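Below you will find the structure I want to go over with you.
Chain lettering (A, B and C) follows the sequence in which the chains are written, and residue indices restart at 1 in each chain.
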Amino acid sequence: MNRLAAKRISRQTWGEWSWGWFLIAPTIIGLVVLNIIPIIQTAFLSLHKSGDFGRGNIYVGFDNYVKMFQDAQVWHAVGNTLLYALLVVPTSIALSLVVAVFLNGKIRGKSIYRTIYFIPMVAAPAAVTMVWRWLYNEHFGLINYVLSRIGINAVDWVGNPKLSLFSIAIIGIWSVIGYNMVLLLAGLQEIPKDYYEASDIDGASKMRQFFMITLPLLSPTLFFVIVTSLIQAMQVFDVIYMMIDVMSPAYNNTVSLVYLFYNNSFKYSNKGYGSAIVMLLLLIIMVITFIQMRAQKKWVNYM
Amino acid sequence: MAQQKRLTRLFVHLLLFTGAALMILPFGWMLLTSFKTVTESTSMNPFVFFPSVWKWENYVEVLQQNNFFRLYWNTFAMVFLRIACSIVFSAMAAYAFARLKFPGRNFFFGLVLFQMMVPTQIFIIPQYLMVDSLGMRNTIFALLFPGLVSAFGTFLLRQFFMGLPKELEEAAKLDGCNIGQTFVRIMLPLVRSGMVALGIFTALFAFKDLMWPMIVNTNSNAATLSSALAKIQGAYSVDYPELMAASVLAIAPMLVLYIIFQKQFIEGVATSGGKL
Amino acid sequence: MKKQLTAALTLGLIASSLAACSGGGNATPSASPADSTPATQTEATATPGNDSGSGEKVTLTYAIWDSNQEKGLRTIADEFEAANSDIKINIEVTGWSEYWTMLEAGATGGSLPDVFWMHSNEIYRYASNGMLLDLNDKIAASQAVKLENFPEGLNQIYNFEGKQYAVPKDFDTIGLWYNKTMFDDAGLKYPDESWTWDDLHSAAKALTKDDVYGVLAPMHNQEGYYNFVYQNGGTIITDDKRSGYDDPKTIEALEFYINLVKEGLSPAVFDDAGRGELIKNGKVAMGFFGSWNLSGFTENEYMAKNFDVAVLPKKEKQASIYNGLGHAIAHNTKYPEQAWKFVEYLSSKEGQERQAELGVAISAYKGAADLWLNSNKTFNIKAFVDMVDYGVIRPYSNTTATWEDKAYEALAPAFTGKATVEEAAKNAAKVMNESLAQEK
C-alpha cells in the first residue's frame, strides 16, 4: 500500500515535501536537542527517587505520583494555578482588545498611548516585582497611603491569604496587557481596509463592524493570544517566587505548580518528586490546549 | 449625531487615559523614588511625593559600581542574535506548517506546541550541561543558546501565514515561482508585522530572562542587565532609591527601542494590509 | 529603515534560488541549509584557563553569594595575586538561591568553581557525594593553617566522616538591636548582658505606642525563635536526629516568643524585607538581627543615628545562634595546588586578619575577631563577639533546607492565631520527623 502510494507521488508533491522538511529542519532539530530530550529525561526522572547530582537514581515506579495525589499542597497548587489563569487571561484579553481596537483607529495621541501601555512589558521582572511590592507595602506603600487618606485602614495586600492571589493576579494582568495589545494590533493591521470602507458605505455602525468584521478576521490572532496566554498563566512562577516566601502565611493560597516544582527540585533536591509535579502540570496544560485546538474550528476564521 | 460622536470620543479618551495612568503609575513611582534619599523614600509622616532635592547621586553610584557599558553590550548582543535566529528559523518553519503539505506535518507541529507547554525551568540544568560541555560558559553564545529556535515564534508566524489569502500563492505559482521563491518574495513581506512583533517579543523575553544568565554566565563581565539587576537587588537590599535608579537604567534602552520599532511596525505595515 | 530590517531578516533565507520567478516551477532545494548557528562570539570573557601548562598564569574562579563582601574580598585577592604572580583570582558573585542552582548544575556537569563558599545547610550533599576536595593532607602539611585556631563547632560542620572538606571563613551571631532614642524617651535603661526575658517583655510593653511596636518577633528561625529555644534549654534537633519541636522546653520558649505577637507587642511578620523595613523606619523599638546585616544597618542614616546592639537576653542560660561559612575546593579542579594556596592564604592568620580589618566579616580565626571590632565605630559590635562563648551552632542535619521549610509551614498558623502554639509545634515536630526519616 505504502509502496504503491509512493509510486504515485508526483514530482511536484515530492518538491513540496522536501521544501516542507527543509524549512522545518532547523527548528525541529533545535527543539529536539534543546527541549524534547530534557522533557523525556524529566518524565524518566519522575519514575525515580533521584540521587544527588544526577547519580544514583533509584527506580520507584509510580511512587512519586501516588505521593503527589495524596499531597494536599499539590492540590492547593493546582487550584491556585487554575484560579490565577482564570483571573488573568479573560480580564487581560478583554481589556487589551478594547485598547487595541481604540488605538487602531484615528485617535489623537495614539502613539503615546501605545508606548505607555507597552511599558510594563519592557521592565525586567526583578524591577516590576520590586516596584509593586513597594506599592503594596503594608506600612509604607503608596496604595495604603492613598486609602488611609479616605479613611480605610492599612491592608496587607501580599501577606493576607485571602487577598494575595488577587494582588498577584493584578500584577499579572497589568504586565500582560501590553503584550496582548501588541499582538492584537499587529493582527488588526492585517485586516484589509477595504472591508471597513465597504461596510461604511453600507452604513453599518461601529459596534456592528466590530462584531461582523473585526472579531472574525482577528480570530486567528485572538486564538493565538488565548492559547499562549493560558499556557503562560499556567506556568506562573517569577512574580510569586519573588513576592511570596515559604514562610508567608499566604504560601498555601498562592503557591503555583511551577513554584512547587522549583522548590522540590532545586531547594529540597528532590528532583524525582519535582519532575512528577511538572508532569502533572504538563498534562493539565495539554488537555486545555487540546480542547482549544479542537474548539478553534468552531470560531476561528482562517481565510 | 455630531454631538454623540464627540461624546463617544471623549469617553474613549477618558478610558484610555485612565488605563494609561494605571499602566504608568508604578513607573512614575519608580522614577520619583530613584531621585529620593533613603529617608524620604520611606517617610510616611509626612508622605513624600516629590524629592526635596533631585538626587542624581543614586545614578552616579549605580553607574560607578557596575560596568553598564558591558551590560548593555552583552544584553544587546544576546537580544540581537536571539531575534535573528528566532525570526529566520521560525518564519521558515511557520510557512511550512501553515501552507505546505508534507508527511509528519501534524506530528512536528505537535512537537512545537508541546514545547510551549513545558515550563522553561526544567530546561535549565540540561541546557547548562550542554553549554558547559561545549566549553562555552560565560560567553555571548551561552546567552543565545536557549533562544536558538523558538516554538513560540513558529506558532505565532504560522497564525500570520494562515491569515493570508490562498490566491496569492496560486498567482505566484502561475508566475512560475517555486515554493522557496513564493515564500521569500511574496509571503514573507506580508507577515512583516508578525515578524516585527516576534522580534519585539523575542527581545523582551530575552531581556527578561533572569535565571539562565545568572546561572550560565556567572562572571560579572558576561552578565546581562537583568541578571546584574537581580544582583544589585541583593547588594543594596533595602536602598530603594538606588535600586530604582538601577531599574530605570535597565528599562530605558528597551523603551527607546520599542518607541523606534512601534512606528516601524504599526504604522509602516498599514500599507501592506491595504494592498490585499 | 524598515526596508533594511526586512532585508536583514530574510537574508538567511535567500541563500539559494532567488533569480527571477521564471523557469522550473518545482526545483527541489539542493543547497544545504546555509544557516546553522550564527557566528559565536566568545570574547565576553576568557574562560578560565584551558592551558594547564606549567609556568603559565593560572586563573581560579572563586564563587561567593554575598555581594556585600565582594569589594573587601577583591582587595584580599589582589594582595594574594601580588604575592603569587602566577595566579589570578576571578571572583564570581551569584545571589543566594541561584548560587545553589549554579553549584548544583556545576557539580552535575563536572565544572564547579575552583574555590567556593560552603554552608551548613548544604555541606552534607556535596561532601557525601565526593564533590569536594579532601583537605586533610593539605592541612596536615600546611604551616599556615591549623584547625585548632578555629572554633571546634565550625570545624565540625565541614567535617564529614573524618575528612575536612572546608576551612571556616567567618562566623555570625544574632544580636538585640534597640532604638536608643525610644529607650531614652521612655526612660528605660539600655539592654545589657544582665537582661532576662522578663526585662525584654516589660521593656516591649513600655515601648509599645500607637504606631510603634515594642519589639519585632518575626517568624524566623535563625534570627528569631531558635535563640529563645536554646536560651530556655530546649532544642530543635536532638543528637539522634529527632525533632525537638515537641520538647516541652521548646514549646515553652515558642509560647513566650509568639505571645509577643499575640499581646500586640510585635507585629506579625513573615518576610525578610518586611523585617528590615520596620526596624529601619522606626516602627519597632527592638529587633533580633544577625551580624551580617551590619553593613546595611551602618549605611542607613536612621539606624546609624538611633540604634545600637546588645547581647541577647537570657532565660535559663544565655545563647545565640551561631554559624559560619567555609571555603571549599572542587574535587575536580584543574589546579588543586593553586586553589589550596589561595584557600591557605584565606585561612591563614594574615588572610583572616585582613578580612577582619577590612570589615568583610567576623573572621573565624582565634583572636582575629578583635581586629574586626575596629572596623565599625557606629555600633557596639563587640556584642556579636561576646556571644561566641555561649553560641549554639545553627541546627542542621543532612536535609536542613527541607525540614526548615516544613517547620515554617507548620508554625505559621500559630503566628496568625489560627492554631495554638502547642498544636503548631507538635505538628512541626511531626512533619520534621517525617522529613528526617527520609535521610539516608
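Things to note:
Keep this in mind: a residue touches a chain if its C-beta (ideal position, glycine included) is under 8 Å from a C-beta of that chain, and two chains touch if they have at least 3 such contacts.
Fair warning: this is a prediction, and the values are worked out from it, not measured in the lab.
More C-beta pairs touch across one of B-C and A-C than the other; that pair is B-C. Distance between Cα centroids is largest for the pairing of chain A with C. Averaged C-alpha coordinates put the centre of chain A at 15 Å from the centre of chain B. Here the CA centre of chain A is 34 Å from the CA centre of chain C. Within chain C, residues 25-27, 29, 35, 101, 104, 108, 273, 277, 281 each touch two or more of the remaining chains.
Contact with two or more other chains is made by residues 15, 19, 26, 139-140 of chain A. Within chain B, the positions touching two or more other chains are listed as 42, 44, 89, 92, 148, 178-180, 183, 196, 230, 233. Residues 11-12, 14-15, 18-19, 22, 25-26, 52-55, 133, 137-140, 159, 245-249, 251-252, 263, 266-270 of chain A are the ones touching chain C in the complex. Contact residues on chain A toward chain B in their complex (touch as defined above): 15-17, 19-21, 23-24, 26-39, 41-42, 95, 98-99, 102-103, 107-108, 111, 113-128, 130-132, 134-135, 139-140, 142, 145, 174, 177-179, 182-183, 185-187, 189-194, 217, 220-221, 223-224, 227-228, 231, 235, 237-238, 258, 261-262, 265, 275, 278, 281-282, 285-286, 289, 293, 302-303. On the chain B side of its complex with chain C, the touching residues are 37-39, 42, 44, 74, 77, 81, 84-85, 87-89, 91-92, 124-125, 128-129, 132-133, 135-141, 144, 148, 172-173, 175-181, 183-185, 188-189, 192, 195-196, 199, 211, 214-215, 217-222, 230-235, 237-239, 264, 268. Against chain A, the residues of chain C that register as touching in their complex are 25-29, 33, 35, 97, 100-101, 104, 107-108, 125, 128-129, 131, 219-220, 270-274, 277-278, 281, 283, 399, 401-402, 405, 408-409, 412-413, 415-416. Within the complex, the chain B residues that touch chain A are 9, 12-13, 15-16, 19-20, 22-27, 29-30, 33, 42, 44, 47, 89-90, 92-93, 95-97, 100-105, 108, 111-123, 126-127, 130, 145-146, 148-152, 154-156, 159-160, 162-166, 178-180, 183, 193-194, 196-197, 200-201, 204, 207-208, 210, 225-226, 229-230, 233, 240, 243-244, 247, 250-251, 254-255, 258-259, 262-263, 265-266, 269-270, 273-274, 276.
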